[in-house]
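The letters A, B, C and D name the chains in turn, as written, and every chain counts its residues from 1.
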């Protein structure tokens, strides 16, 4: 038993973090949201160069990377391209996959090669009408199954859910970092907002939730068990949403604007809460598996 | 529309409060718990003299009185004697009634005339083994139906639930009053505990919960509707339990002892949470009634 | 103690219900703070005014119909139940008007209120400043006396409606030597006046629901001072009480939301979400009954105090919980923001602002603890 | 990264499991702080000690078996899963022993630890004082130097186990001129010594789980000072870290509780309570995994810091939520406190103390915010 990241895994996280820290992710996301994919694709190209596209066989490394991708609120069909498409035997650069009913729409189907899982079949997708997500950087499209390209596996959906759990932890962490920094600087009533006990306690609760959700995500990556994946997702999504609410609350009105980077992470958490399965569905999957003890 | 207590109703509350304030309720409850009913019966006698036993036909007055009885954590089969027994046509002084399945045991059957509702029948109860409630002042007994004495009505159960809602509001209010007083006097880290924002916010949340549960109780008394009664009970029990938790938390260790009066109210709330129907049952009754719109 | 509506109120309710059934647009209007939606909302307000429904509690002479608070509540219930458009005039009718009734001159009322009732002027609030979010007393924008009036300079922010509105109201420091709550004056000013620059701010939903207002020696005549110069704090606090309390959030929003939530649940009756649906419905009932209690007390001469804070804590948390539950019930479609599914997403985004604006809930809890429970004041 | 137990650990687990299966009393013992239950719990501890299971991580020479932290965790999992008795020796083994290993002399360890392992001495903690609840530095009880030792006087309160225990440990002010954290000394003392009066305090459940200790010139030899005189705060804080952190609450309690909760739910699978059952189970898993991570870090030379506070916040809230859910599932029987239904009510009462003792959760949140998140210190 050794339940800790290796030095190499920590370095992988650090290198992704360093790369993303050098980019203006808010600008990237705003342009992506407006349909201008160039800066985003450029960033994904740089991520590919440090190997993030080649981790599909390494679930622990995947969750390490997805925590960083979440932390920086990177837009794009990342789960689909880095984890789901490879699990479905789809090769190539940027791909997007709808997996109804849990993932009914294809993310960024205007920039990535679109697929849809139709029962047992993996098909090219015929792209239909665009839909508006509450996260403007999530460009969703209706899809219909087209040409058959292969046979689907259940693992594809599960690895997507696993990566999303890690992404949510990262989003929560990014929100917590921003909030902690903001309340340390922002003054009201003659002192830093972060001196107020109510503010401290909001953020401490977020930290606790994130710290105890992360081991579930790591364990799910180790075991690959569907119950563990759903448990991780339940805890991660709740922790991320708690982070989003707390971050908004301690920011006050400025957090309620699109001008503030915090809000982009908040909207992404809001969107991801119901993508890749609802919390109710995941909880049901956990408890159902416990019936059969 | 006039949704406010009348002057007479306020005076009734004040007179019950004044009477109870003059008694040492903690001592009364401790002796009641030990099977020494004398001081308790004396107190109930004095309550009877100001008319609380004659309110069965006046649901608003009943809830006004039961809020005060809860506020002072008065022990005894009060709901049973003042509201339920009259609704079942049982006359006499002190009575106790089991109404399985929601009220499976008879409270204080060693001091009150015991009855049990068995389907449509109201019967004298044969008293069996005593049971230990988490509230030591609630002396519970197993009962079996004995001699038939009359026909039961559904209203008896509902008026019991209504009175319990008011009692819970009162318990919550008593806990909040004690907690507010304690944190104003108790000093830690060189200042009154009540100056700390976390303490303020705990107690503010309790006040809000109680303030919004009370109108539901009053409305349920006015309409007598089963849905309104269950809605009131759900909100009242949640608010009272929030009050109990917050009061314990701001008292710290001293609240965790039987030596402190606060703990007697806390244990009563804890016991009442599942007496007279579970929260789940009451919520289901509310939503079921909304189906039929 | 009774909950019965009298015949006059029932008659009024029927009139409102019938009018709304006839007039509420079948398709929702575009957001009121969008370029497209704003004029449509103004037009809607004018229709309301023609039916004397835009400000029912006002005296007849200003465009109202002298309705009681109970009638107002009934109006609001019907309004929300009918799914009628958001009230683009709300800042004026709910906030400024109360202040005018309390502190305005007859001339000011005559001049301002009828135009407000007809939506000839749509008002923005201008409370906050960059360094004064929840701390309203930290106002730095200043008013300098000049011939026949004042010159306003400084910056306001989070001004709701200001992106498209005609006029605004707020506090300015008229005595530069005074601190905090002293030396403030309450002004009404024209957003189209020389020296005013408005910079819209995109909210979470992408719509510029509020704006920054930059003022550079903006002339305001003496007639547009509300209350006495230097008395602004006291004047404003009556409005703030209203904003946080009774008049801003009527039970109708929550009653209608809870009914819609119950319907949504019926369409997919997952027992695991049932309790949250039930609690939202109970919460909406509680809020309505609490409001009826308040109305009854006010009718008997009572006043509103710190219970405005109690009130705000309850409705703002109820609103978030109610919309959270709805989005969870919508499943994968819960993230959609377009016309499908209708309204829940925008309602949720709006609800998220509740615990922040008009004094954050943290501040409200302090107020409740200190002013209602009597806990010791502490500066943290 | 792996979660596999090696062969040695599995072998140890089987030994523990077999021993417990054979020895755990079929009927629960009476409460350990009752007159009837205390000697039975001491006897149980002696049986554990004979099997070298009373303090598995200790060195062999003191009665342990040099078990790794992972083996300790496995032991605890098995212990709780078997429904074995509460550990009446826990104050000594979990709190005092860590301090002795860090600060004690060889003579102290030789004298104290084997007797502790065999439950010849059962230890009470004596941290709090009437005016020093969560504020441990406000200690007023004093130690005065005398020939060959010290005289202790003052009052301690909320001393767990003190109603029946043999000895106690706590801080006394040895330098009357020093303030707060300075001038404190860590003492072990005999609860049967002349000048000691113990007044049991009934807890919520009616059992005297803690007591007041009155000390009136109680002589304590120099040998019973732990660490240097005046260094008591630093010495105590290592123990406090343990109390709040790793060693006090093993995942076993929550894992076993969650499994029992799932079983209880199966007996009456109400979908409206299903999500809370699920969350308790997930929380217990999370706590176990977090602990495995901590063990892994410690095995590689890491240390425990403010994460003890993170830890305490999580388990104390999980414990309350888990038992709340169980009582709700029990319906009308949820209020019963006797042997039927087994254990849930006493477990709930015990859980309610979690957010209070060993530093209230409010204080823990401050610690987390300031020491982990780097928020500015404020004195509120």
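In this text, a contact is a pair of C-beta atoms (placed from the backbone, for glycine too) under 8 Å apart; a residue touches a chain by one contact, two chains touch by 3 or more.
It should be emphasised that the depicted structure is a prediction, and the values quoted were computed from it without experimental measurement.
Enquirer: Mind listing the chains that sit against subunit B and also against subunit D?
Expert: For subunit B paired with subunit D, the chains in contact with each are A, C, in label order.
Enquirer: Farthest chain from subunit D, comparing Cα centres?
Expert: Relative to subunit D, the chain with the farthest C-alpha centre is C.
Enquirer: Using mean C-alpha positions as chain centres, tell me how far subunit A is from subunit B in Å, no decimals.
Expert: Centres of subunit A and subunit B (C-alpha means) sit 48 Å apart.
Enquirer: Roughly how far is subunit A from subunit D, centre to centre by C-alpha average, rounded to an integer in Å?
Expert: Whole-Å distance between the two chain centres: 39.
Enquirer: Please report how many Å separate the Cα centroid of subunit C from that of subunit D, as a whole number.
Expert: That pair's centroid distance is 53 Å.
Enquirer: Indicate the residues of subunit A shared as contacts by at least two other chains.
Expert: Touching at least two other chains: 191, 195-199, 201, 280, 283-284.
Enquirer: Going by the touch rule set out above, which residues of subunit D reach two or more other chains?
Expert: 272, 274-275, 362, 365, 378-380, in rising order.
Enquirer: How is the touch graph of the chains shaped: line, ring, star, complete or other?
Expert: complete
Enquirer: Per the contact definition, I'd like the list of subunit D residues that touch subunit C in the complex.
Expert: Subunit D reaches subunit C through residues 271-272, 274-275, 378-380.
Enquirer: Applying the document's contact rule, which stretches of subunit D touch subunit A when the two form their complex?
Expert: Spelled out, the residues of subunit D in touch with subunit A are 1-6, 9, 70, 262, 265-266, 274-275, 277-279, 281-283, 285-287, 289-290, 292-293, 295-297, 299-300, 307, 310, 313-314, 362, 364-366, 368-370, 372-378, 380.
Enquirer: Would you mind writing out the residues of subunit B in touch with subunit D in their complex?
Expert: 101-105, 131-136, 138, 140, 187-189, 191, 195-199, 245, 248-249, 252-259, 263, 266-267, 270-275, 278-280, 283-284
Enquirer: Over in the complex, which subunit D residues touch subunit B? Could you list them?
Expert: Spelled out, the residues of subunit D in touch with subunit B are 128, 131, 133-135, 138, 157-158, 201-204, 206, 210, 270, 272-273, 327-328, 330-338, 345, 348-349, 352-353, 355-357, 360-362, 365, 379-380.
Enquirer: Where on subunit A is subunit D touching in the complex?
Expert: Its residues touching subunit D are 1-6, 9, 60, 176, 180, 183-184, 191-192, 194-197, 199-201, 203-205, 207-208, 211-213, 215-216, 218-219, 221-223, 231, 234-235, 280, 283-284, 286-287, 290-291, 293.
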